[in-house]
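Given below, in the form of structure tokens, are the structures.
Okay, so subunit A shows up in both of these, paired with subunit B first and subunit C after.
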Partner chain A sequence: MNDLLSFWLDSLPALLDGLTVSLEVTGVALAIGFPLGLLLALGVQSKARSLNLISLCVVEIGRGAPALVVLQFAYFGLPQAGLTLSSFAAAVFALAWNTGAYTSEIIRAGLESVPIGEIEASSAMGMMRVDTLRFVIIPQGLRVAAPALLGFATQMLQASSLCFAIALPELTSNAYVIGTNTFRYMEILSLAGILYAAICVPATIAVGVLEQRLGKHTR
Partner chain B sequence: MTADMFLGVATGIPWTLAVTAAAFVLGAALGLPLCAMRLSNVALLRVIALVYIILFRSVPPLLWVFVFFFGLGSGYLPISAFEGVVLGLGLITAANMAEIYRGALSAIHAGQWEASEALALPSYSTYLDIIAPQLLRVSLPSSASYAVGLLKDSAIASTIGVTDISFNANYIAKSTYQGLPVFAIAALFYIMISLPVAALARAADQKLRARVAL
Partner chain C sequence: MMNLNPDTLKLPQRELAGQADKPILRLEAIRKVYGKHVVLDDLNLTLRSGEVVAIIGPSGSGKSTLLRCINMLGPATSGRVVVGDLAIDESIPPTAQQLTSLRRSVGMVFQSFNLFPHMSVLRNVSLPQERVLGRSRKDADKRSRELLARVGLAEKADQYPARCSGGQQQRIAIARALALDPQIMLFDEPTSALDPELGLEVLLVMQELARSGMTMLVVTHEMNFAETVSDRVIIMADGKIIEEGPSKEVMRDPQTDRAKRFLKAVKDR
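Presenting the complex of A and B:
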């Protein structure tokens, strides 16, 4: 037991460094992916044919292809097209695409939950379409989508573990490297799991609480 | 893009399907007792099921697969890469399926249980003949979309050396330096597999919806 604890204490700094990278890559991907999701949601609803088609393609590929394949496409494939990305940039590219594609559906459902009467009322008051979106539809729609978006954020932290495949030194990669050096896979992978759980479990519980609170107000 | 590339990536399809199917069957089966424990009257069983579900849903699938393949494999239990990934993904699927079953159970009208009791049906018959068919029908859409998600998660099998679509794509991309078309082909295969599965589930859902009134 003492042996295990001292091993954990010795490797904790490396894992915490990895966790920082995981959180950074997730944070940047979400910061790009959420606005992208909103744009895609509006694009899919748009009446302009070309915009509609492009948005649909981006969403369907982002949702249909495994995140791991998109990651490898960005890191190993794009250099062939003359675009060489660092592993961090490739990870952000792939995870932001993934986030945009999935959250566009969440946000679209939120936007569609705004009662049609409010949109009719806005146009009756002579509001422009852009203003209706900005002041009526988006604020209410995002409020409905908020719990699902936060739930998705915890999933994205888990998905960032896939960056192992493109040699980004995040939590899973660092744990794996320590495992290969010491051959104590079980111990080190368990510690990595505890670190993921330490963030995701409270976050999941918080999302549940938020869901209940918001549900109370809207109903 | 050459035919070689296309065929090379395609040889991984059976492994992708095998990993997905095996993990789904394992998860769908284990999900039932887990769901029963989650709803049990015994507090201890409820807590165990809840901890299991939270734990398996809060730690990344890749890490679980590593725990089983590298962790268990390093001296505890000899395990192949295929077994490792099926065990990892299957146990995660069990946690998610238990929640899907629980959601489906709450959609089954309480009158169904009351009527079974009023008819003095034995409890195995209540579950097997009355509840199970409805449970299957109600949970089908969510199970199907979970299976499609699992198909994509199965790509992590490639990280421990199962020769699935992703593994072959990776191998060919690195040996030919043609990453762009190769990974595009791999993505295309995943999308092409998930489309008929989704369509099949929709068709089955409509057929069952017509047969089992709810």
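Presenting the complex of A and C:
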């Protein structure tokens, strides 16, 4: 027992460094992916043909291709086309695309939940479509989508472990390296799991609280 | 159906002097077709400035469709809508400018209130003024508070709509539409979603509005409102106007069989 604790203690700094990278790559991917998801949701709903088509393609490829494939494509494939990305940039590219594609569906469902009557009232008053989107549809749609988006964010943190495949020094990679050096895979991966859970479990609880709070002003 | 106390609705004769004969809204040969189904059948209608006209008729007769043609929420298949100097051919897409101008002139109140639930009552009334009329926040809020006071809800300004009763929400919706200074107000069964007492508060606000000289076109199930508040009643059936005239005459002594049957059915309910 003492042995395990001191092993964990020794490994903790490397794992915390890894966790920091995991959080960074997830954070940046979400910061790009959520707005992308909103744009894609609007694009998919748009009546403009070309915009609609492009959005659909981006969404369908993002949802259809496994994140690991997109990740490796960005890191190993793009250099062939003359575009070399750091492992961090490649990870952000892949995870942001994935986030944009999946959250566009969540956000679209949120936008569509806004009652048609409110939208009609808004246009009957002469509000421009952009104003109706900005002040009526998007705020309410995002509020509806918020819990699912935050749930998705925790899944994304977990999915960032895929980045070990492109040698990004995130939590899983660092744990794996320690495992390779010490052959104590079980202990080190358990600690990594505990660290993921330390973030995700409180986040999940926060989502529940948020869900209740957001319900307050609505019917 | 609600029984309005006739005394509460007894009105002093409204002042229509001067502009009484000036048409403010004209509908010409409005026709609306869904597939083969003719919903509005070459309908004509003129409203004079300050006039209050009630539209009654069985459900499905095209009343809502007609109102939605007027502000082009659902344009007609063919026909013309003339509001003041603005003439719109319903069969072709309007220019953005025509649409803006039309919707500034014509306010609408819906059966289901359609307030924005994520905004305070004050924001609900102020935001459209800011976005549509370009009023400053301060000016818009000032106007909103005046109108909320006028509909008896000054103290609700900072609440959210969900904290208000249905009757209060509908009065807020009326204030919100009035805040844009429309020339004509359309009402689509504004009290149908409300319990009788709550409907009464709304009807009293509408009565006050009518008295103030607002031009109003009101689709309603409230036969007392039609008879005692409106100047004229229109009975619709199957997309046509089947009877039209001064309120008391139409309500008490309809000429067509179809109108007689409808009014009898409503009164027996």
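Assume the second predicted complex is superposed on the first by the 213 of 219 C-alpha atoms of A that agree within 3 Å, B and C clash if a C-alpha of one lies under 4 Å from a C-alpha of the other, contacts with A are read in each partner's own complex, and residues count from 1 in each chain.
The rule is simple: contacts are C-beta pairs under 8 Å (C-beta built on N, C-alpha and C of every residue); 3 or more make two chains touch, one makes a residue touch a chain.
Note that the coordinates shown come from a computational prediction; the quantities given were computed from them, not determined experimentally.
Novice: Taking the superposition on A as described, I'd like to know which of subunit B and subunit C A:Val136 touches: first, second, both or neither.
Specialist: Touch status of A:Val136: second partner only.
Novice: Would you sort A:Tyr102 into first (subunit B), second (subunit C), both or neither based on which partner it touches?
Specialist: In the superposed model, A:Tyr102 contacts neither subunit B nor subunit C.
Novice: Return first, second, both or neither, reflecting whether A:Phe34 touches subunit B, subunit C, both chains, or no partner chain.
Specialist: A:Phe34 contacts neither subunit B nor subunit C.
Novice: Look at A:Phe152 in the shared chain and tell me whether it touches subunit B only, subunit C only, both, or neither; answer first, second, both or neither.
Specialist: neither
Novice: For the overlaid complexes, name the partner, subunit B or subunit C, with more touching residues on subunit A.
Specialist: B
Novice: A:Ala124 in the overlay: touching subunit B, subunit C, both, or neither? Say first, second, both or neither.
Specialist: Second partner only.
Novice: Touching A:Phe93 in the superposition: subunit B (first), subunit C (second), both, neither?
Specialist: It touches nothing on subunit B or subunit C.
Novice: In the overlay, answer first, second, both or neither for which of subunit B and subunit C A:Pro115 touches.
Specialist: Touch status of A:Pro115: second partner only.
Novice: On subunit A, what residues does subunit B touch that subunit C touches as well?
Specialist: Touching subunit B in the first complex and subunit C in the second, no residue of subunit A appears in both lists.
Novice: Which residues of subunit B touch subunit A once you look at their complex with the stated criterion?
Specialist: 54-55, 57-64, 66-67, 70-74, 76, 152-156, 158-159, 165-166, 169-170, 173-174, 177-180, 182-184, 186-187, 190-191, 194-195
Novice: Per the contact definition, I'd like the list of subunit C residues that touch subunit A in the complex.
Specialist: 71, 73, 99-100, 103-104, 106-108, 110, 112, 114-118, 127-128, 131-132, 160, 162, 173, 176-177, 180
Novice: Please output the residues of subunit A touching subunit C within their complex, sorted ascending.
Specialist: Checking each residue of subunit A against subunit C gives 115, 117-118, 120-128, 131, 135-136, 139-140, 143, 217-219.
Novice: For subunit A, which residues are in contact with subunit B within the complex?
Specialist: Of all residues in subunit A, those touching subunit B are 60-61, 64-70, 72-73, 76-81, 154, 158-162, 164-165, 172, 175-176, 179, 183-186, 189-190, 192-193, 196-197, 200-201, 204.
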